[in-house]
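Each of the next two complexes has subunit A plus one other chain: subunit B in the first, subunit C in the second.
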Partner chain A sequence: MRLNKRKIIDRLMLGIISALAIASAIPIFAIAVNVYSEGARYISLNFLIDLPPPPVGGGGGGIGPALVGTLVLVALALAIGGSIGFFTGLYLSEFSHTRLAQYTQMFLQVMVEFPTIIVGLFAYMILVAPLKRFNALAGAIALSIVIIPYIALNVREAYKSIPYTLKEAAFSLGVSAPIAYLRILLSAARRGVLTALLIGLAKAAGETAPLLLTILGTTFTYFGGLDQPINAIPLLIYNFALSPYEKWHQVAWGAAAVLLTIILVIFIVSRLIIKEVKV
Partner chain B sequence: MNSEKIFPIFLIVFASISLLIVTSIVISLIINSYPIFLRDGFSFIFKSVWNPVKEDYGILPALLGTLISSAIAISIAMPLAISLAIFSAEIAPTSIRGFINSVSDLMASLPSVIYGLWGLYVLAPILNQYIMTPLHQYLGFIPLFSTKPIPTNLFTAGVLLAIMITPFSSSIIREAYNAIPHHLKEAAYSLGMTRWEVIRTLLGYIKSAILAGAFLALGRAMGETVAVAMVVGNTFTLPRSLFDMGYTISSLIANQFPNAEAYSYMMPALYSGALVLFTIGLIINLAGLYWIRRVVTRG
Partner chain C sequence: MSWAIEVQNLNVWYGDKHIIKNVSFRVPKNVIFAIMGPSGCGKSTLLRAMNRLLDLNPHARVEGQVKINGINVYGDNVDVTWVRRQFGMVFQIPNPFPHLSIYENVALGPKLNGLVKDKSQLDELVKQALQKAYLWDEVKNDLRKPASMLSGGQQQRLCIARALALKPRIILMDEPTANLDPVASSKIEELLLELKEDYTIIIVTHNPQQAARVSDYVAFLYMGELIEIGETSTVFTRPSNILTEKYVLGRMG
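For the complex of A and B:
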C-alpha cells in the first residue's frame, strides 16, 4: 500500500513536470505559426526593396529603408563590437590570471544583463545630443556596446578550449605572439569564434530598445549618411505595430517574418558549426 | 621581438575598453540625473506624478509597474523553467533531448520585438478573453483582480515576460542538473527511490543554480523594454490591481524620451529612472552571479 502511494505520486509529479515543460515550449511554435501565417504572404522581392506604403491608400509597399538600415547598422556593429569583443576575449583567455582580466570578466558578465535601453541613453548622450540629430552612427555604437560582452565571453571560451599542448606547439615554432594567436591558434578556435560572431550578429539584428533613442527611424528615406537618421527592421516593427493603421500592421507582420527568418538562419548555421566541432 | 611586447599591451587596451564603457555609462547616468536629484532629492522616486507642464516628475508608478510585472513573470516562469530543465535532462527520450534544448535556446535568442508583436496581437486578446475576464468576473472582489481588464495591462506584460525568460532560466538549471556527478544519481536510485524522489533530491543539490536562474531571469525581466512597452498599456497611474494598465521604468523611458528634449527636467527624470533601474538590476544580477559562482566552485 505504501509503495503504491509512492508510485502514484511519482506518476503524478512526472506528468505535471512533462505538462509544464511542454506548455513552456508552446509559445515558440505559436509565434512561428502566427508570424508566418500573418506575415509570409507579404514577402516578395518588392517587399524587401520598396518604400513602406502610405498609411492609407496606395500599394502594398515594403521595408526597403529598414532593411538597408539594418544591414548598415549590423555591419558597423559587427566591425566595431566584433573586434573589441574578439581581442577582449583573447585577453581574457590568455591572461586570465591578471587582475584586469578578472575585473573585465566581471564587468562583461554584468554588461550582458544590462537593460539595453540604458545603452541607448548612453549613446544618445555621447553621439546624438552633441550632433543635435538622431544618427546612424549612434545606433551602430549602441549595438556594438550591446554585443561586445556576448562576443568577448564566447571568444574567451573558444580560446580556452584549445588544448594546452596545441598552444605549446604553436609557440614552439618560434613565431611571434600575434602570429601564434591570430594565424595558428585562430584556426583551432575558428568555430567557437565564428559562433561568437554569429551570436553577436543575431543580437545586433534583433535589438530594438537602444535604437529608439539613437536612430529615430525614418520611414520614407533610404540610407543618407552615418550622421543622418536611419531605420532598422526591429524599429519598423515596433513603430508600425503601435501605429493606428491597419496597413502598417500588415507591414509589421511581414517585417517580423523577414526578421524571424534572418534569426532562424543564423541560429541554424551556428548549430551546424557546433555540431561539426563535436564530430 | 618588438611585437612580443606590443601584443599584450594591444590586448590590454581592448580589455580596458569594456571597463571604460561600463564606467562611463554609470557616470553618464549619474551626471544626467543629477539635476533632478538636486532639485527634488530622493522624494522623486516615491512620488506619483508626471506633469511636464509644471516640470513635476515622480517615477513611483513606473517603479511599481516594473516590480509587479517582473514578480508576475518570475512566479510563472520558475515552475516552467524547472520543469523544462528536468524534462530535457531526465524525462524526455534521449533522442529528442537535443531538439528540446535547441528549441529552448532559439526561444532565448528570439528578438524581443517579435515577442512584443505577438504579445500585442495574439497573446493579449487570448489572455483577456480566457483568463483575465473570467478572473475579474468571478474573483473580482479580490483587490488583485478588481479592475475590469482590457487586453494590454501589467498582467499581460508579466505573462509575456514569463514566456521570454523561461528558456533562459531553464538553460542555467539544465546545465547544473546535467553536471551533477553520476554516482550521486546512482546512489539515489540504489536506495530504492522512485524517479520523482530522485529528481527532488537532486533539485536540492542544485539549489544555488535554481536561485541563480531565478535572479538572472528576474534581472532580465526588469530590464526588458520593447516587448513590455508594446503590451503594458503605457498609462501613468498608480496600479491598484494586476489588470491595471501601467508603465515600467524602461517602457516609460522608451515612450517619453521623444518628448523629453522639450522640457528642462524630463530628461534628468528619465535618466534617474534609468539609474534606479540600473541599481536594482545590478544588485539582482550580482546576487545571481554570486549563486552561479557557488555552483561552479562546488562542482
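For the complex of A and C:
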C-alpha cells in the first residue's frame, strides 16, 4: 500500500517535471511559428535587395540597406572582435598560470553578463559624441566589445581541449611558439575555434541594444561610409515595429523572419561542426 | 672521445618538489642508452630536460648543464627551437597529428623548418623517413589518408618517421612501447637496433627487460637520483648497488 503511494508520487513528480521541461521549450517554437507565419510571406530576392517602401503608397519594398548594414557591421565586428578575442583566448589557454590571464578571464566572464546597452553607451561616448555624428564604426566597435568575451572564452576552451601530448609533439618539431600554435595546433582546435567565431557572428548579427546609441539607422541609404549612419536588421525591426504604418510593420515581420533564419542557419552549422565525427 | 650528449649536475624542480637530483652522465655516439626506473622516478622529466621540452611546463625549473657537441642547451644565447631540432622525440602515447595525413605528419617538421627546397626533395625526405621507420611498405599507397586510420604500432612508427625527418642527431624515446601490444613492441625494438647505426638513441623505460634487450648502456634512476650507470651487460649481471640489483631482478616496482 505504502509502496503504491510512493509510486504514484514518483509518477506525478516525473509528470510535472517533464511538463515543465516541455513548457520551457515552447517559446522557441512559438516564436518561430509566430515570426514565420507573419513574416515568411514577404521574403523574396527583391525583399532582400530593395529599399524599404514609403510609409504609404508604393510597392512592397525591402530591407536592402539594413541587410547591407548588418553585413558590414558583422564583418567589421568579426574582424576586430574576432582577432582580439582569438588571441585573448589563446593567451588565456596557454598562459593560464599567469595572474594577468586569471584576471582577464574573470573580467571576460563579467563582460558576458554586461548589459549591452552600456557597451553602446560607451561607444557613443568615445566615437559618436566626439565626431558629433552617429556612425557605422561606433556600431562595429560596440558589437566587437560585445562579442570579444564570447569568442575569447570559447577559443580558450578550444585550445584547452588539445591533448597535452599533441602540444608536446608540435613543440618537439623545433618550431617557434607562433608556428606551433597557429600552424599546427590551430588545425587541431579548428572545430572549437570555428564554433567560437560562429557564436560571435550570431551574437553580432542579432544584437540591437549596442546599435541604438551608435548607428542611428538609415531608411533609404545602403552605405555612406564608416563615418556615416548605417542601418541593421535588428534596428530596422525595432524602428519599423514602433512606426504607425501598417506597411512598415509588414517589412519588420519580414526582416524578423530573415534575421531568425540567419541565426538558425549559424546555429545549425555550428552544431554540425561540433557533431562531425572526431578523428 | 666525443660524446653525443653530456648531462652535468642537472636538477629539476616542479614548484618546490625536487624531481631530478644532481644527475650527471655522458652518452657516447651511436649507442642505445636506456634510462630505467620505477614509475614516478623522474625518467620522463629527465628526457624532457634534455631537449628543453620542459620549458612548456611553467612550473618547472632547471639548473645544471646539458651539452650537445659541447654547447650547453641552457646557455644564454642558445635558441630553444635549435635545441629541439637537434633531437627527434617519440612519446609514450603514439601522437601523430590526427587531423593530418600520413604524408603531412612526416612532412610538417621539415617544411616548417625550411629543411627542403622543393616538393620533390620533400617527397624524397618523407619516403626516406618512412623507410627508415619500416613503415613505407605498409603506407606507400595510403600517404594521403589520415594518420588516425593506422594501428597503434603503425602510428608509433609514423611518429618515429616524423622525428627522423627532422634529421636529428639524437632520438629521445619516452617509453615508446608502453601502449603497444607485444608484436608491435618487438617491431619497434628491432627498429631501434637498426637506427643506432645513424643516431644516438636515449630511451626511457620502466621495463628492465626491455633495457636489457636493446640498450648498450643503462642508467638506473630512483626517486630522482642516478643510482647506477654503466654498460648494460655489467649492470644487469654485476650491479654495484643493492637498489639496482633489486630492480633488475624485478623485486621493486
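Note that in this section the second predicted complex is superposed on the first by the 276 of 279 C-alpha atoms of A that agree within 3 Å, B and C clash if a C-alpha of one lies under 4 Å from a C-alpha of the other, contacts with A are read in each partner's own complex, and residues count from 1 in each chain.
To be clear about the criterion, a residue touches a chain if its C-beta (ideal position, glycine included) is under 8 Å from a C-beta of that chain, and two chains touch if they have at least 3 such contacts.
It should be emphasised that the depicted structure is a prediction, and the values quoted were computed from it without experimental measurement.
Judged by the touch definition given at the top, the superposed model places A:131 against neither subunit B nor subunit C. After overlaying the two complexes on the shared chain, residue contacts for A:79 are found with neither subunit B nor subunit C.
Applying the stated contact rule after C-alpha superposition, one finds that A:166 touches subunit C and leaves subunit B untouched.
Applying the stated contact rule after C-alpha superposition, one finds that A:30 touches subunit B and leaves subunit C untouched.
When the two complexes are overlaid on their common chain A, residue A:9 makes contact with subunit B while staying clear of subunit C. Ranking subunit B and subunit C by residues of subunit A touched puts B first. Legend: residue contacts after superposition of the two complexes on their common chain; A:184 is shown touching subunit C, with no touch to subunit B.
With both structures placed on the common chain, the touch criterion links A:265 to neither subunit B nor subunit C. Contacts of A:176 after superposition on the shared chain: both subunit B and subunit C are touched. Once both structures are placed on chain A, subunit A residues 95, 176 are touched by subunit B and, in the other complex, by subunit C. For subunit A in complex with subunit B, the touching residues are 6-7, 9-10, 13-14, 16-25, 27-28, 30-31, 34-35, 38, 83-84, 87-88, 90-92, 94-95, 100-101, 103-104, 106-111, 113-119, 121-122, 124-126, 145, 148-149, 152, 176-178, 181, 199, 202-203, 205-209, 212-213, 234, 237-238, 241-242, 249, 252-253, 256, 259-260, 263-264, 267, 271.
Residues of subunit C touching subunit A in their complex: 51, 53, 56, 58-59, 81-85, 87-89, 91-93, 95-100, 108-109, 112-113, 146, 148, 159, 162-163, 166. Per the touch definition, subunit A reaches subunit C in the complex via residues 95, 97-98, 163, 165-176, 179, 183-184, 187-188, 190, 279. Chain contact summary for the complex, subunit B toward subunit A: residues 3-4, 7-8, 10-12, 14-19, 21-22, 24-25, 28-29, 32, 79-81, 83-84, 86-88, 91-92, 100, 102-107, 109-118, 120-123, 163, 166-167, 170, 194-197, 199, 216, 219-220, 222-226, 229-230, 250, 253-254, 257, 270-271, 274, 277-278, 281-282, 285-286, 288-289.
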